[in-house]
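Naming follows writing order (A, B, C and D), and every chain is counted from residue 1.
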């Protein structure tokens, strides 16, 4: 095992070690204070282990593979950074409440899965880590124990399990398609285009991963869950956890243009998601809900870029998409942390330490030149450049600006703490550090998406190339935001989770089926009925056996 | 030939009639009487099928012991006609059940007719090697040697059943006396029977068990006769069942299976094979085990008839 | 048709009767009786089989006979157990069938 | 094939130890019974390990001929892979349940002997002996006797508390199980009439697809299905398993139904000729699928925790039947995967369901009731039991890493690999519904107790740890590499040897 591989193992081992410590009461009390440490090996792995040869642990036939390619490393690094910052923020935010240790356990399991999906190189490890990040997030969401949190958690869990079911089926079909007994993802992806169940597998993969990434109409859990969770959990939910869906799509969809039609379909779905979420988001009043819709919208853009990249077989798509998503990890995570500070910072500090940096980050989602977001937009420009798609992408940037300005307005209108309130320094540092990373990260790493020098690269040059193209969506968004501020009151309010209102009917239908089945089952349990069933079974088996023999 | 035919046909018809009566009798008591008749007729059929050992067992255990238990419960389960009527299925279900059960019977009849006329079974080998076991009665050889494991498990089943029946009783009566109490009969036919029959019956029972080695008979049949004698005396109030906590009774109950097991282990040591009858000890050991089994079977059967503990010791 | 075949058919009929009784009769005691009829039918079939697998020189194969003896004893033990349970149930709840009372069907039967 | 193999004596030990122990415990009574039972059940684990190791080392079934009489005259004890694996599973679960029941079934210090304690310890040993006989028996009639022993022992454990409701449900169980036994016995009569032997390894490959054989198979299958409570023959299971004391429920649901399952495999994989088996297997699997869906749906709607767990058993048993069409009609690799998947399901369900019933019992004791809608506070009172319930639930749902996941994954891939995708849909749908009822319980236990409820009683850790240990085993089964399950393939007709 090389040092780089050691880092990969350590990334997975660190959260597990802390989890193990939770088994004993004395260390358990210390664990919440150490949450920020757990993701750091992941950060190191992202920095130093990218592109290292995969680590294959062939435990007597059960191949466990850990691998870290460049796109995964980008996302892993960003996610680890966010997890660490939010982990430092969490104990301070939650205070010494009774459920803190329980929260830490859920946190560590989710963290393990969240970082693990970026490292998993085989179907089993991927499924395992994906299940951990999907299901354990439930514990983070319901931490407050309110009915709202519980409902959000239940819906998340239900959808997560359905997503798991889709993926399980897809993975089973993939494993079947691989001619050897290998379970490596690379072999599975290679076998996918030749599989007779290609369409079904792709549909299941898109459903399973799209659900995690929040593609309409599978996004309904996101605007419920992210606001309901405690602030640090919301930050990692929106920033890091949804990326499990993105990395899934990146890993499992063959990038060589072998999927006719699927790329365009994904792109259309992504763009639709981007606009839908803006439309729903601008009617929300809770800043966290607005941010959650913004996440849905941004993931829509990400998937659209991926889809177009696949459809047009643009080289370097995976890296570009990962870059775009990386910016979202950092910036969205930072903004959630900011919302958590809004109540604790008063007076002029509020403007200087909170609102202004938040505004800069927020406008970055629209592509404000100079921001990290602008570089992210540039990164996926080759994918989202052509014709109608280009226009729609630009319009969606305007929509993002609108939505984010709406967010800033809602953030500013949160009841301010008294003017003298000073935030404690750990949360403040976490927020400012993440904000800084969201700006600097893309600048520093922009070169990585091109063929040239991975560090710094030609970011400045790229920004200077087409300032107007970047600027007009921001301006358009700002104008729309002004209009919204003036007449927004007339908009109908979309309930959190918009399409979820339709689910009530499905639920009622399910209850009717359940009652009918229960009734039938009760009838079958009467002795004479069961006796008849036994006789029928003998005769039916006899008949079937005779038919088989004949 | 014709006579055989007539005889078999009549026995079969009578058995069928008894079975029908058992199903359709107006009262449970009458049904049980029908069933005892069924059992006795069935043992006739076994004789006709050249299976005298089975005939004895069927008469003793199938008709006798089972009959006593069922009669006793028919006497005690008197009420509940309304509950039974409510739980009895309707005409359609009955008709359907009849059709399905009839269909199954028909299939079974066809299958029996389709069985090969002669099948090479293990019987020839059983006969050829019976000298190795030292038992002239082939059925006994199968029970004690070739398929000794079946018999071992079966004797253990009886112990299971006794403990299971005892454990049905209420907690407060644990350690108490099982079964209902019968007033001591000073005179009358039962008292007479209970006084005079047991000595004869015990001799007969021991004889049946004893001859089982070479002629039809054996521990189950003999044990049942012994049990019947005791049950008779119990019914006449002459003897009292022992307390369920009495270790001696428990020892008698397990003596058979435990002796069989120990003999089997002895076989493993001396003869290299578990449940082999060691050549050195041979028949005496076998007879000892048979005696223990007879005793245990008698105790188990009697106690199963008596039922769970119902009063304090 | 020979004697054994006749008894084979009788065994089949007894099996059918026993199953019918077990399905449609409600009282526990009647079910136990039907179970014993069913068992009697099955044992008779063993007896028929014993005639067919017997080699020349033997009237009946001893192996199925031994099985029947074992089976009779096991069936007796089962009957004793069932009767003991039925009596206890009757003592405690005055019930003589195993159909749950209508109100307890879904709940804590 | 028909001679005692090396290490064959281990099978005698596996059988005689608990059986003789039961007889002795019955005679000695009182506290001696408890001590003897604990000792022998502990030894049983060692014997289980030894048998498995011996089978694995030989790479072939180990055989013992009692008395030296070879089948068809005598009968054989056979431990192939299935038998050894189930023996080990049984030994572990039984020992765990024995430890669990120490407190509840101790003889009180002021009494020499009590009914419930004596019955508990004697019938634990009886159950161990019966299960050993059922797994190791090589003769179909001997297996009938073993099944009857098993029914008696299980029934007595279930009636242990002597509650009025128990007698009715257990009598229902007894009567239905007896019908099942007699149908099975009828099948053996026909088979003996056809072939002059009942040794399943002698029958393998020799049977014809004629009327008596097929009717025998149909009768035996239906009888065993009645004993396994395959839908719609499950009338007896929910009240019987839910009404029994927790330790008994754990054994009934976890182990007892598995004995009939092993017999079913003997009939279908060994005895039946392949062609008709292939044709009829989908019928059984369809009932299994119905069991999964209906059982899970009804479990989801139960008001009582123990009934919910019992219905979960109805559903989980269904998975066992899904393996039949896959093992019988698939290619060699599909068959070996499905076989492993089915047996792993049997094993992991044994551990998980035992853990679940023990945990449910503890939760009910702590709260004083087991209404699913009012489980609040259990999380604080018996945290380890709730955790055990959750872990076991994960295994039942098929969430990795767990034995249940590996089992369902194997069944899933073999179903898809063989083009029988409809079974895959059932497996996944069942997992979803399972998640629903497990969640209902877990969410309830974590919630705060209702204001007017009496304070839940915290319970000692010991029994909770037992439940947790069983749940952890069912999870740990999923962490073992597949190749380490090569044991279960040993002795299977048509097996390729170990998995790749």
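Keep this in mind: contacts are C-beta pairs under 8 Å (C-beta built on N, C-alpha and C of every residue); 3 or more make two chains touch, one makes a residue touch a chain.
No experiment lies behind these values; they were computed from the predicted model shown.
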(request) Considering only C-beta pairs in contact, identify the chain pair with the most of them. (result) B-C
(request) Please indicate which chain is farthest from chain D, where distance is taken between mean Cα coordinates of the chains. (result) A
(message) Based only on mean CA positions, could you tell me how far chain B sits from chain D in angstrom?
(response) 31
(request) Compute the distance, rounded to whole Å, between the mean C-alpha positions of chain A and chain C. (result) 64
(message) Taking the mean of the CA coordinates per chain, how far is chain A from chain B in Å?
(response) 71
(message) Using Cα averages as centroids, what's the distance between chain C and chain D in whole Å?
(response) 26
(request) Hunt down the residues of chain B that sit against at least two other chains at once, touch-wise. (result) 87, 89, 93, 97, 101, 104, 107-108, 112, 115-116, 119-122, 126, 146-147, 150, 154, 157, 160-161, 164, 168-169
(request) Would you please write down the residue numbers of chain A that are in contact with two or more other chains? (result) 518, 525-529, 531-532, 534-535, 538-539, 542
(message) If I count partner chains per residue in chain D, which residues reach a count of at least 2?
(response) 73, 141, 145, 148, 152, 155, 159, 167, 172, 179, 186, 190, 192-193, 196, 210-211, 215, 238
(request) Write out the stretch or stretches of chain C touching chain B in their complex. (result) 3-21, 23-30, 32-34, 36-37, 40, 43-45, 47-55, 57-63, 65-70, 72-81, 83-88, 90, 94-97, 99
(request) Could you pull out which chain A residues touch chain C in their complex? (result) 518, 522, 525-528, 531-532, 534-535
(request) Give every residue of chain D touching chain A within the complex, in rising order. (result) 172, 176, 179, 183, 209-211, 214-215, 217-219, 221-222, 225-226, 231-235, 238, 272-273, 275-280, 283-284, 287, 294, 297-298, 300-301, 398-401, 409, 412-413, 416-417, 424, 428, 431-432, 435, 439, 443, 448, 481-484, 499-500
(request) Could you pull out which chain B residues touch chain D in their complex? (result) 107-108, 110-112, 114-116, 119-122, 125-126, 129, 145-150, 153-154, 156-157, 159-161, 163-164, 166-171, 174-175, 245, 247, 250-251, 253-254, 257-258, 261, 264-265, 267-268, 271-277
(message) Show me the residue ranges of chain A that touch chain D in the complex, using the header's touch definition.
(response) 59-62, 124, 127-128, 131, 135, 145, 150, 154, 157, 161-162, 164-165, 168-169, 172-173, 175-176, 181, 197, 513-515, 517-518, 520-521, 524-527, 529-531, 533-534, 537-542, 544-549
